[in-house]
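The same chain A turns up in both complexes below, where it pairs with chain B and then with chain C.
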Partner chain A sequence: MTEKAEMVEEMIRQLGDDAVLHRKEDLLTYECDGLTVYRGMPLAVVFPSSTEEVSGVVKWLHEHEIPFIPRGAGTGLSGGATPFGGEVIISLVRMKRLLDVDYDNREAVVQPGYINLTLTNSITHKGFYYAPDPSSQACCTIGGNVAENAGGAHCLKYGVTTNHVLGLEVVLHNGEIVEIGGVPDAPGYDLMGLVTGSEGTLGIVTSITVRILKNPEAEETAMAYFDSVEDASYAVSGIIAAGIVPAAIEMMDEIAIQGVERATNPVGHPEGSKAVLIMEVDGIATGIEEQIEEMVSVCERHNVVDIKVAKNDRERGRWWANRKTAFGAMGAISPAYLVQDGVIPRSRLSEVLAHIADISAESGLRIANVFHAGDGNLHPLILFDARNEGETDLALDVGSRTLEACTAVGGSITGEHGVGIEKKEDMRLVFSDEEIERQITVRSVFNPHNLLNLDKQFPKPARCGEVKQAVGSGEAHQVAEQR
Partner chain B sequence: MTTEPSLANLVVKKNEPPVGNYLWEDPPDEDKFSACVHCGLCLEACPTYQELGHEHQSPRGRIHSIVAVAEGKIDINEAFEDPMFTCLDCRACETACPAGVQVGALIEEARGQVRQARPLKGWQGLVSRFFLRGVFPHTKRLHTLGMLTKIYQKSGAQTVVRKSGAKKVLPDHLGAMEAIMPDVGRPVLKTHPERIPAEGEQKGSVSMFTGCIMDVMYSDVNEATVRVLTKNGHSVEMPKQQQCCGALHVHAGDREMGKKLARENIDTFLEADADHVVVNAAGCGCALREYPELLQNDDEYREKAERFAEKVLDVSKYLYDYGYRAPEAELRKRVTYHDACHLAHGQGVWDEPRDLLEDIPGVEMVPLPNADRCCGSAGIYNITHPDMAGRLLDRKIEEVPDDVEMISMGNPGCMLQMAMGVMNHGRDEAIVHTMQLLDWAYQLEGGETDD
Partner chain C sequence: MTEKAEMVEEMIRQLGDDAVLHRKEDLLTYECDGLTVYRGMPLAVVFPSSTEEVSGVVKWLHEHEIPFIPRGAGTGLSGGATPFGGEVIISLVRMKRLLDVDYDNREAVVQPGYINLTLTNSITHKGFYYAPDPSSQACCTIGGNVAENAGGAHCLKYGVTTNHVLGLEVVLHNGEIVEIGGVPDAPGYDLMGLVTGSEGTLGIVTSITVRILKNPEAEETAMAYFDSVEDASYAVSGIIAAGIVPAAIEMMDEIAIQGVERATNPVGHPEGSKAVLIMEVDGIATGIEEQIEEMVSVCERHNVVDIKVAKNDRERGRWWANRKTAFGAMGAISPAYLVQDGVIPRSRLSEVLAHIADISAESGLRIANVFHAGDGNLHPLILFDARNEGETDLALDVGSRTLEACTAVGGSITGEHGVGIEKKEDMRLVFSDEEIERQITVRSVFNPHNLLNLDKQFPKPARCGEVKQAVGSGEAHQVAEQR
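Showing the complex of A and B:
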């Protein structure tokens, strides 16, 4: 029997017939995630339904030295769940139950395949919600959110995923099941902080305890149009400088506006607007009015062309749908896009945007900009057509150059989408070889044979190809339990 | 295991121009599939993905497969056929997709290719040819089939079958369908004159598309629709030459017959020349509105198809937009509303039927969670894919609030399916069409009590 046939037979034995995909036709769609420029074929995709099943599968793959990749909804934008070729994908989407909600202690326990927005929808009748709100929240899994440390429009005020995760159950590289976190401020290392954002390279998350929040008493949303992105960026800085803590400030530029207006959720942005800001404040009812008025007056000082406040929840909902579907909306104006995820000091916003505009002009590729303006997290969307010879490479190059523009002003290469495959090499923009090596040493504590999401996140250090795998698996387990 | 993955090897340099493995007319349209950016925002909207968790059974995965065939990476074989036909054609993905990808049209085009490459054989082929080619395209034969059903019901044979357990020889799901078959009346296309005048002051005039399943199985709904329209001042014309809309054919991959029926209907209704063509069966309405899509490569009919499609409106939307009066009598009922996929996702009609129902005095509307998730009926899907259809039906019925008396909707396929669900779950909610509720309310005004 071939290696693959033996593996498939074993997986079917462990999980059942309908929980293993292995025909080429069935696997094709797993050759990439939301980033389509890199593709590799998995050996198989398996669908465990419980922690024990995950553990069983991992144990066997570990023993047979077959690399494997955890995958949620595959909405990742950096190729985190994309195979290099020959890995087994462990899909967590069948583990999609809400295990427990404790309203008194404001906690919920979910399986990793549970959908982000479904959590909010299931607790809203009690007046609660789950704060991290990536734009993909209607489809992405909370397991994937933990692995990417996902953020969202409202993370400006409420923090990103790591600020909302209280405890994790993790299946280690050899199939062992451990629990980490659970108690606030536990002694020892902050392993939860380490695992959150580790892009599936340290273990497979099989259960997550998250914090849930009480719905704010009041919220107000305003939308403001500007004649230049500079004015809009100064308005953003002005609002933060005025001491307001908005729940969200989002910006879209002219091309992005064209895209969303041509797509499924248009809201009638005026033609020719160069920038739009969507601003939200929330909290206790008193003071909300004043805050929104103050925001309006800051915008007025920065030459706002038009500004309006959402009349009701329905309008607010439509505005957010318009903003949150902006990436996908690029499909309406371009056959493909590549989204970047740079972070910059907020004060340098207009400077970096001008730089990006230059890169666009030089390369001839249109770049739409959508971003979490409040925390300086830029998403340049590079529009291209893969059918044109060489254009994919050009887009990738343009992507890297936009990241350089960010790091040049002291920023970083990822705010929330992770490194995955895409930004491996760009890690060199922010870390020295030695620093990369040190991080790989940490990885090998949990992932000594590099089987777990093989070779993601870090480039091979140029100086020494091998990283000493000094730490054995037994010790990894000890570390995990220590906390 | 030592792999030396190289980034450069993974970069997709250039997608091959789509020639690939589509060999017949009307292949999936490149403009349509290149709009998909693989974002995945459609995943959770898809009932088959929700059930199976397999991405090749999701909208994104299906499009990926369609592109792979176009690029010659895979063939049209059983493995390609399965996801194409396991799709319900429910269009929930189109509502969710931010890029406006026409997933339904792509899948229908792919099915056309599959059926050419792999014609149905054996009994499946026989049954499908009998119905798709032998019965539905011929209004008379369809009515005869309706008559036979009626004779079967009236003659006592039905009672015999039901009592004798003869239906145990039918496959489970067909047995269950037999049990819920409504009492077949006589099709309005036969019983009604070509033109029915408006009552009172004339506000508009419409042509009515009667639908074949609707007219054979639920002629009472068609009768109610005519009464509601005329009561509201709209005269109703029923062109007698009208044909089956062809939706079932297009869904099954028989585009040839679908197009033939489309051309005939276009001619018939353009000749009748009414401002609007109203439909009370969502599946038919959606298909009629998509004739331009179906005939996009037909130079003679493309423009006519567009002119025709612009006239087509679901009856609830027509009434809402062109004038109707709320009933005055009270109809004390707790009602919930189920969105037929081809009304909500297919035609964008969500609020109008709900508003019409809410306007009936005494009606208390109770929201149905996930009202717009497919009930599993999906044309003849419940016959071809009983397992998936059954799973979706169970979920649908489990979500119906405990204390409602009626479930209202706007499509005959859903009505049959939901009736079966209610029966299987031992429940007793009445399955009604939105027009029936309105009709009863108007009748009550005259002092009649008809509920």
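Showing the complex of A and C:
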């Protein structure tokens, strides 16, 4: 019996026939996640329904030294759930129950396959919601959010996933089940913070206790148009400097605006607008008006062309739906695109956007910008056509150069999408070899044989002339992809 | 030459004559920190003035396998800076410079010996402040705050130290100097979160980049008196349930009120009050009044006896000064006291306070309660007289029992004081042996020879009949101490 056949037989024995995919045609879907330019063929995909099933699967794979990858909805944008080739994917989508809600102490317990937005929908009748809101929130899972430490538009005020995780149940590399956190302010080392954002390299999260928040009494949203991204950038700095803590400040530039107007939720952005800010404040009802007025007056000081406040929840919802289609909308104006995810000090916004414009001009590739301006989290969208010889390589190179532009001003290579496959080599922009080795040493405590999401997140030890695409130890290959 | 003499000679060679204490009479001060019931004699105390000097000292001690303890102002309450006996204390008090302030990006860089309140005082003219505010903020150091992940009254709204640390420079066990964090949302593992709160066991922090906040436009403070801690507890839950996020909600019970009225900042709390709440809201000016009014009405629903709002900043300042003397004030009503630091889910406040009252009645020791009610962080103050045979032991035992009362409802053994020496054995209340071993394995990545704050924070591997006081590997001994 071949090794694969033996593994498949054992997985079926443990999980049942309907919980194992192993035929090539069934595996194609799992060759990549939301980052479609890298692909690798998994050995199999398994669908455990409980913590015990995850534990049993991991125990067997650990004993047989077969690497494995936890996967949520596969919406990740850095290739965290993409195989290099030959791994078993452990899909958590069948573990999608809401286990408990404690409104008094503002906690909810969910399984990892539970959909982000479903949590808010399930508790909204009691006046509560779950704050982290990635654009993919209607389909991404909270387990995936924990793995990538996902952010979202409202993280400016409310923080990213790690600020909302209170406890984790984790299956370790050998199948052992442990609880981390769960008590308020757990003493000892912050292992919960360590696991959150570890992209599945330290364990498989099988239950998550999250903080839930009371709905704000009032919300107001304004949309402001500018003749330049510089003016919009200075308006963002001005709003923060005025002491307002908005729930969100999002920016889209001209190309992004063109995209969203051609996509599924157009809202009639004026033709030719160079930049739009979507600004939201929330909190107690009294005082909201004053904050919006102050934001309006800051925008006026920075040459705003037009500014309007959403008339009601319906209009506000339409504006956000428009903004949240921005990535996908690139498909309407380009055959393919690559999303980047850099972070910069907020005061350097204008300068870095100018640098990115230069990179665009030099490379000949258009770059749209749609991003969380309030916390300096840029998302350059690099538009390209993979049918043109070498243009996928060029787009990847341009992506790395936008990250270099971020790190050059003291920024970072990821704000919310994670490192995954895509930015393994870019880790060298922010860490020395020694620092990377130290992180790998920490990994080895929890993942001694590198079977848990094999070779993700960290580059190989430095070697001269290493080609960026030759990542990992497996066979993942960069693909020419058309949308 | 004896080993100690050789070490002293080398330290003087590296740091100069005025930077080394080694005579017994000079070392007495360093036998303990703010937790005075455990003491141990250090081998020497050294005072480096720069990161390089810390590095040089650590390198030599590492090579000679001499354990060492970083120390800030020595205000810690769990014995984190207390020697077991035979360690070298590395005092960071000479590294007390403010290195940089970046108002645009709201960051400040300080050396570890920089005093917490001095930071706020240094930036207040620009309208900024540093949020974490332990009661000892006028003398504790930010380095010590990082080591213990210190909290404070306003952490209900603003979070504890770890939520305000943006980057660290750390001297590792072998003297190597590394930067951790420093870039926004650093990719890879959250080592900054790991080091924050690690009580000096993972490295010596030599520079800290912290978030600074804009002063709120307005603040209002109310003081409410109740006939029972139950009513006050339900008022706290009611305020949170009303959707208000106060900057602080502090509670003092009858004994604590008697104490602060006999201490240095009495404010005339009514005789016989069973509980007082100090409630503060801050933010934009509009809306503050409504929040105070809503808090008043919640208190009225829970049988408040009297409630008043501070007339001005001066009165507010006096109220806070009164509250912040509460620990020390115990000296006015008891020969000695022990502070505990448990955390519970907010909804269990009333129940756990009743349990603590039972423990007090059973043991015959009075227990005062003064605490951060809004985030469920209790500080039982156990009053005792060490001149009575066995009463120090009894107080320590009562302290552990209050922690058991917290963990029994899903709480924890420390909210902001750390584990140190005091709560090493209490770690077993929240962690299994396997979980503790896993944390020690993580420690071994950064502290392979256990020289960095030797044996702190974690219990020894479980042994039957082990006596709590026999902590650590050194000679620290519990002392009978009088105030």
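Observations
We adopt the following convention: the second predicted complex is superposed on the first by the 462 of 483 C-alpha atoms of A that agree within 3 Å, B and C clash if a C-alpha of one lies under 4 Å from a C-alpha of the other, contacts with A are read in each partner's own complex, and residues count from 1 in each chain.
Rule of thumb we're sticking to: a residue touches a chain if its C-beta (ideal position, glycine included) is under 8 Å from a C-beta of that chain, and two chains touch if they have at least 3 such contacts.
Keep in mind the model is a prediction, meaning the values are calculated, not measured.
In the superposed model, A:160 makes contact with chain C only, not with chain B.
When the shared chain is aligned, no partner comes close enough to touch A:394: not chain B, not chain C.
By the touch criterion defined above, A:198 lies against chain C but remains apart from chain B after alignment on the C-alpha atoms of chain A. Contacts of A:67 after superposition on the shared chain: chain B is touched, whereas chain C is not. In the superposed model, A:34 makes contact with chain B only, not with chain C.
Using the contact criterion defined above for the overlaid structures, shared-chain residue A:357 touches neither chain B nor chain C, since it reaches no partner.
In the superposition on chain A, A:267 makes contact with neither chain B nor chain C. The interface of chain A with chain B does not overlap its interface with chain C at any residue.
The part of chain A that touches chain B in the complex is made up of residues 18, 21, 23-30, 32-34, 36-40, 47, 65-67, 73-75, 82, 84-86, 91, 93-94, 96, 113, 115, 118, 136, 138-140, 262-265, 325-332, 335-337, 386-390, 392-393, 396, 421, 424-425, 449, 451, 454-455. Looking at the complex, you find that chain B touches chain A at residues 1, 3, 5, 7, 10-15, 17, 34-44, 52-56, 58, 60-61, 64-65, 68, 73-74, 77, 79-80, 95-101. By the touch rule above, chain C contacts chain A in their complex via residues 102, 104-105, 127, 160, 162-163, 176, 178-179, 182-191, 193-194, 196-198, 202, 214-217, 237, 241, 243-244, 283-291, 343-347, 375-377, 407, 410-416, 418-419, 423, 427, 430-431, 434-436, 438-439, 441-443, 445, 457-458.
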